[in-house]
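A short write-up of the structure that comes next.
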Amino acid sequence: MWKTPVLIVNFKLYASGVGESALKLARILDKIHQEREISVVVAVNPLDAYRIKKEVSIPVILQHADAVDFGAHTGRINVDLAKEYNLDGLLINHSERTLKIEDIDFLIQKSKELDLISVVCANNFRVAGALAFLEPNFIAMEPPELIGGDISVSTARPEAIVETIEAVKSVRSIPVLVGAGIKNGEDVKKAIELGAEGVLVASGVVKAKDPERVVNDLVDGMM
Amino acid sequence: MWKTPVLIVNFKLYASGVGESALKLARILDKIHQEREISVVVAVNPLDAYRIKKEVSIPVILQHADAVDFGAHTGRINVDLAKEYNLDGLLINHSERTLKIEDIDFLIQKSKELDLISVVCANNFRVAGALAFLEPNFIAMEPPELIGGDISVSTARPEAIVETIEAVKSVRSIPVLVGAGIKNGEDVKKAIELGAEGVLVASGVVKAKDPERVVNDLVDGMM
Amino acid sequence: MWKTPVLIVNFKLYASGVGESALKLARILDKIHQEREISVVVAVNPLDAYRIKKEVSIPVILQHADAVDFGAHTGRINVDLAKEYNLDGLLINHSERTLKIEDIDFLIQKSKELDLISVVCANNFRVAGALAFLEPNFIAMEPPELIGGDISVSTARPEAIVETIEAVKSVRSIPVLVGAGIKNGEDVKKAIELGAEGVLVASGVVKAKDPERVVNDLVDGMM
Amino acid sequence: MWKTPVLIVNFKLYASGVGESALKLARILDKIHQEREISVVVAVNPLDAYRIKKEVSIPVILQHADAVDFGAHTGRINVDLAKEYNLDGLLINHSERTLKIEDIDFLIQKSKELDLISVVCANNFRVAGALAFLEPNFIAMEPPELIGGDISVSTARPEAIVETIEAVKSVRSIPVLVGAGIKNGEDVKKAIELGAEGVLVASGVVKAKDPERVVNDLVDGMM
């Protein structure tokens, strides 16, 4: 398990989050991790995963895997293959790649078996509480209407953070991350004060002109 | 809420479960309900729902609804429309029509708002426990490998019934139904002895040569 | 086959296009059909189909059907059931209910077999030309960006109408309908002048304060 | 464009088609290509693509890509990224990863733009003819019921090969590949005699004890 608080950077399929740019960004994040002794995790594209994993010491996770075992599944990626490539875990059910409940269950159980870290996303406190029963390693709550926007969940919906943590803790003791619109250290600080044990960020870092500066600011909020 | 134990007959899209045959079968089930004073519910095709609802006194529910409000959604059916037609509830997440967790959440909340009964299906005890947090009216657990088969869940997987009830009750006090392969009163009796508050049947009744006899036998197991 | 030009009104899942409102609107359209001797077709919700079909003489089609035969398909509607209820056809692949190519193929072939009219939607001239090879009864082209908007395809993209008709006719001689943003007789007239053999409308009629007036205006453009 | 006849080996998600095994198999195929001067193409998992592309001279294609541009698409892979990694093309609409017609259109157009080779799969001659209108580089027809089986399409359904080629050629002059159950040179030879310009194989090679021997036999049938 990763030391909390944790900062997960989701590279998505941004032009600045794939290929050479992804590798460069991962190296910057690795450097910040080493300088500041904070948990930083990158969620990368499968085409980039092998390269990035070889070059950095921070955890590298997939943004998605399909709920299948090895077999005749053309065009699918599974948890076993993530393991074979020594990756560290996966995002499950991100709002841009939502899943059936039975597939979420499959992916969490499979991750446990193979000792990968599962970070399951929820769109609200009810879904977060339900998913807690499946015992992922982390639950990340992101209000869909704030994702990719300019106002952070910490500012716009602090009560959503609190009720999500309460819902999750009423079921299982699982660390809760929050995301959506988080762009600076102040947003992070508020989230952590409200009980979050980390944040999930994407555009704020991946599309930034100076990602190193932005991440250092986010890390300020974690300390 | 329906009086328990409850017998839900899912008409699926069997040739003998739609059109004139559906109406005839619904009438038989209505008669048995009246004769034997037991809760019987029919889950019907949307094309049949209006007709059947007008002709029977037992609850009529949809086999599925989409997680949308009224609007520009060509080819979708929503909970509001089920309400408008005075239907009684809906099956959600049947193994032949599985859903994303966020859509299951939407459908349960919407059903509550409109005072419709929600029966949410789960493929195992973990998913059942998770879904309990969303507070549907009923949770129906069916091991997928037994659905449509000749061996009932009561015989083949009694422990699955017990662990599902435990999982659900550890989260919320919600009645658990079970299904898959249930064909006679003995199967029903065992399920109820194990703690189930009803059963979900389909082919055993809908494809039976003499459905009235089969249902009366199932009802024997409920008493 | 329907006499061309044809006016198809897609009721979608608008609050004003379901339940009692749907029935009322279908009756208005039926009356206009009789008064003005023009082909008018309604694409309705499955929950409304039985009622509406009994009350009107104009063709009643489904907005969608699933690519399955009768069987264990909980929550699905198929072409066979549409036939059993004496419905006249179906919309296939509407932009709000897009389908896999193999399912479109299935639905068109099944419709032919059962003598139902298939109206297949395409988002551009290439897709329209491809679908022509599957020999539906009608192809309806709607540029997705104009659907539900205020500018009609006739005004905004007349060249899209022309190239769609050319693409379709280069493959098979199938009548082409157009839709998206069509709100008045002038829009219809232009579409027909460009070679369309009918129009597909929705919000312009279904959400109109006075649908009768709007439809009469649309019909003016067809004459 | 690849010289025909072409042999495409789809590694699927077989345990023997990913990771180290995938790399080893790709090297064997590369060697055979060089020894026998025949077009051999490998369709690999995205996690393997970067490594394999660096190690072999034969074309490396993806088994699937999503119909999106760069952007906020967590867990998706697009054609642009395949290009960035210098991959050679992609399988589209494989029977284990079927797609909406509008997404097939998007992927073919995008592949053309970026100068990648598109190999589009069809389940029958009608769908093949329809897809020809979208002008992919290759159309691969595989009867779904024969995929992964022991009887080849050449033996079981020779007429399906002929009618597919006729359907495609009636629309556009696009080379047709066939697949499903192809396991030896005799199967390949028959397919080519019937007019196919190559074959798509998977389990026959990827799950073989001695893939080199099997592929050499397949290549015998191509000469």
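Letters A, B, C and D name the chains as they come in the text, with residue numbers starting at 1 for each one.
Note that in this section a residue touches a chain if its C-beta (ideal position, glycine included) is under 8 Å from a C-beta of that chain, and two chains touch if they have at least 3 such contacts.
On a predicted model such as this, the values are computed, not experimentally measured, just so you know.
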{"item": "Required minimum of steps from subunit B to subunit C, each step between chains that touch", "value": "1"}
{"item": "Same vs different contact residues, subunit A with subunit B, by half of numbers used", "value": "same"}
{"item": "Computed distance of Cα centres, subunit B from subunit A, in Å", "value": "37"}
{"item": "Inter-centroid spacing, subunit C versus subunit A (mean Cα positions, whole Å)", "value": "44"}
{"item": "Numbers and ranges of subunit C residues touching at least 2 other chains", "value": "none"}
{"item": "Which pairs of chains touch, using the document's own definition", "value": "A-B, A-D, B-C, C-D"}
{"item": "Touch list for subunit D against partner subunit C, complex", "value": "93, 98-102, 104-105, 109, 122-124, 126-127, 129-134, 167, 171"}
{"item": "Residues on subunit C engaged by subunit B in the complex (per definition of touch)", "value": "10, 12-15, 18-20, 43, 45-51, 62-64, 68, 70-78, 80-82, 84-85, 91, 94-97, 147-148, 202-203"}
